[in-house]
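Below, chain A partners chain B and then partners chain C, in two separate complexes.
Up next, the complex of A and B:
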């Protein structure tokens, strides 16, 4: 495991010893302020890789919780209490983002300034256009049938529901494919980091992941809407 | 610095607890012997405050100057409590808006002030117990309490003269107490059904080399679902029976309502033990109203309320990504879990026998004491990682809420948002912070509104970063920073429901006028009383014939101790008085022995030999 030091101000606020990073001063043990824009990966001493051993991450989370939690600073100075609040909230925020593979990618892209949601929320990805069209048609049919018949149509609504369910299943399968794709690119990202890839290469990978995330979000919203509609029907 | 205690500020009862010299949490008894302080406050005709058992008795005689279940009003506005007003005899002052004001006799109080009276009473219990001042506390709150309800509780602590070291969720506190008791591991569900609130928490207990971590994975609940609701159902049903019985002159309101409430509560308690009992109370005609009620009828009536707890249970399990079968231990907390139907329902759901070894009334206070001890001594072998029960969001265009901290995030938690201006020379940006799970701002709970001040500049130039932080108490803090200058900006956050800092300050000042005597004064009065009584007893003993058996030295020692104590009483140093009381006790030890021997002698002589 490579350790990426957290860059902070050069000297400890309390004993003025040179400070090379980390949560506490190596000389006097006092908690140190969090540098601006501190990175979640670095907070755990992890490289910016997308494959993370979750058991190891949880262990790190617990170790740091013991040290940084405000419970430890109840009797400390007001400044130290503030620093503990700052560092322990960062710890919890970082753990929340990194433990979930999708949130992890989102965070990596956002911190690299590469998370662009664009118009993806409204627009269907081109390769899904046809299926989305069909799905929306089924949805409309179901809504119309429901508003007219109030369930006394001798199984017509039920048939429509079945059709919609089948189409929804297709999109759930697509979601699985998208996740696989994201995993593949994440693997490429990790390999690129190991190979010391240049910024252009990294940016390109980030842009690809951004696309996949947008597609993923679109499909997820779609599936959620259909499930809601089916639950109501 | 004074001592630190753990306090369970409950809807029906409140308790105070501490950790003893061998590390065991214990509840502190009050002057009536019980450690349960009824959460009832009454104002007597002279304007002074009565709390606990005597106040509870006044519900039956002076219901218009007495309040119970005030916890239901904490952190809420008048519009929130309209339904409750049909069921609870709260006399809300007409001037109330987003902070309720309650009328008691001729005085008006906010819910935090009333809760502060209860906290102050418990503080007094603890001070009498320790003979030392108590000035810091860990106070428990329902896990599902929102920001305003937590802030109101914290304000109450401050008004009672307590520094609130931490607000801890009630189920989490209970888990802590059970952890000490049972040494459990793995996933634990805490089902906490109290007098006015219901909470369910799923925790993961982890052993690490540093100690045990109690990590809350998810929590859910209903801050207005509890034993009170059961009582209200029983009252409504009984009222129908009363009408049928043709009982004359019995009213549905005022003192009669309290008579009926006490009668159904007594029946409820009995039905946890026996299969049938009577709802009975003295009738206005001088006789008794008496009707048999079976456990079956009782369970049929309250089943819908018990069922309402299962929705939150399912949601909490889903949020923890777990299933009933994966839960290794189930813990029951709160008085309402004494009801057999509740136990059966929980057991059926989880498929295992729940724990109720610890007294469900005390377990939360015991856990609070454990946490208080950890914070006070800094000796840590346990760490609580709690969560925020509700998502935090900010209002965006079109009244839609953007969630920035999801529910069940471990606290402290934070989120940053970057703000800029939309038009040239815009001098402020309005920010509205909300809590809740719904998509629209109007359906969420408004926490606070504030305006970021911006120096005039072209549109889009300003860059202000706002940090929303939920602290370890589950309370929101807001910090702003200008990214151009890196300077911190102060933000004046006006809570939507709750008291501002200035209002709390003002109340603190006002409360001095009415406050009970402070610790030193009380100690002085008690020490003087004790001194008077020992002086009186010693005087009587010295007048006795037995005093002649004392040596001249002993007699001299006693006389000296008496005059020293007399001198001390005239001063105001209670510690000196106590020391001299002790000295006089020492000096009269032999005399006391002589008198005790005589008493024994007389007692033995007065009986037949075989009885000895």
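Up next, the complex of A and C:
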């Protein structure tokens, strides 16, 4: 390295040996503070890829929880106890974010600045809106029918319920399609990383995943709404 | 979070709820949605082709109180305005009028988008009525 490191985390806080990352100093074994802007993938020593072996991740999680656990630091200095707490809570956050494939994509996009409010306008896909509107109207009809009749309308509520159930199936199928699409783009992302893709290519893939995630959230909220209404009907 | 009195008032007494015939050539329909909250908003306006004045406006919104209030207010504001005037309505005007908190600003954005979408739809319909003149205009260029 030719540049003079400014960040203190380039050296171990205790023995001042150069520190290149990792939870502990390679020279003296002391626990290290979290570097600024540390990402969850790096926390587990993983590349920023979207395909993760969940069994391996779980194993890493258990190993790290055991190593970083505050119980190991009861006799250590107050600073080290603090670091252990900090790293343990980061470990839990990181594990939660990476263990679920959707949360993992969300995390990747958020760390790439894609999920911030106003960063990219969150517009609903127009081809969905018409169907979404109709579904909401059916939901409304069901609510009205229910509040008026309380179930004594000779099958009208039942017919509405049936229609909604059919629509709900349709949207659940859509959710499956969206998940497949997300999986495909995630595969492209991993391949692009392997191929050393440049910033522009990576941003383009992130934007595509962002679109799919938006659509996914929209559909998922709808399905949840319909399920709630149907359960009450 | 507490809604402002104006939001509550619009929510309890929404103005101009309903729909217009979307196949009417003088009716523009705008359908917009916000994925973060699952809101959908439909705004329709009937424009007098001679005067360009918006004579009627209707909305139907599925969403939170702020989304309903924003679209209700939008229909009130556009009525009686010309198309050009209506297009100058900004989401920030709606935010101010309804005292929307920062987390609800996207509802006002949605309302502005809906106005624009409806008037675009109307303009497109007007344009398609006049398609016979367009090729000649293009040929002159």
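Here is the rule we use: the second predicted complex is superposed on the first by the 216 of 233 C-alpha atoms of A that agree within 3 Å, B and C clash if a C-alpha of one lies under 4 Å from a C-alpha of the other, contacts with A are read in each partner's own complex, and residues count from 1 in each chain.
In the analysis below, a contact is a pair of C-beta atoms (placed from the backbone, for glycine too) under 8 Å apart; a residue touches a chain by one contact, two chains touch by 3 or more.
What you see is a predicted model; the values in this text were computed from it and never measured.
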For A:69, decide between first (touching chain B), second (touching chain C), both and neither. first
In the superposed arrangement, does A:77 touch chain B (first), chain C (second), both or neither? neither
So, A:162: does it touch chain B (first), chain C (second), both, or neither? neither
In the superposed arrangement, does A:217 touch chain B (first), chain C (second), both or neither? second
Under the stated touch criterion, which partner chain does A:144 make contact with: chain B (first), chain C (second), both, or neither? neither
Have a look at where A:130 lands relative to chain B and chain C in the superposition and call it first, second, both or neither. second
Using the superposition on chain A described above, determine whether A:56 touches chain B (first), chain C (second), both, or neither. neither
Both chain B and chain C touch chain A; at which residues? none
Chain C contact footprint on chain A (complex, rising order): 122-124, 126, 128-130, 132-133, 136, 139-140, 214-215, 217-218, 221-222, 225
In the complex formed with chain A, which residues of chain B make contact? 165-166, 206, 208, 210-211, 213, 374-376, 378, 380, 383-385, 406, 409-415, 469-472
Where on chain C is chain A touching in the complex? 31-38, 40, 42, 60, 62, 106
Under the stated contact criterion, what part of chain A meets chain B in this complex? 62-63, 65-66, 69-72, 74-75, 85, 88-90, 92-93, 95-96
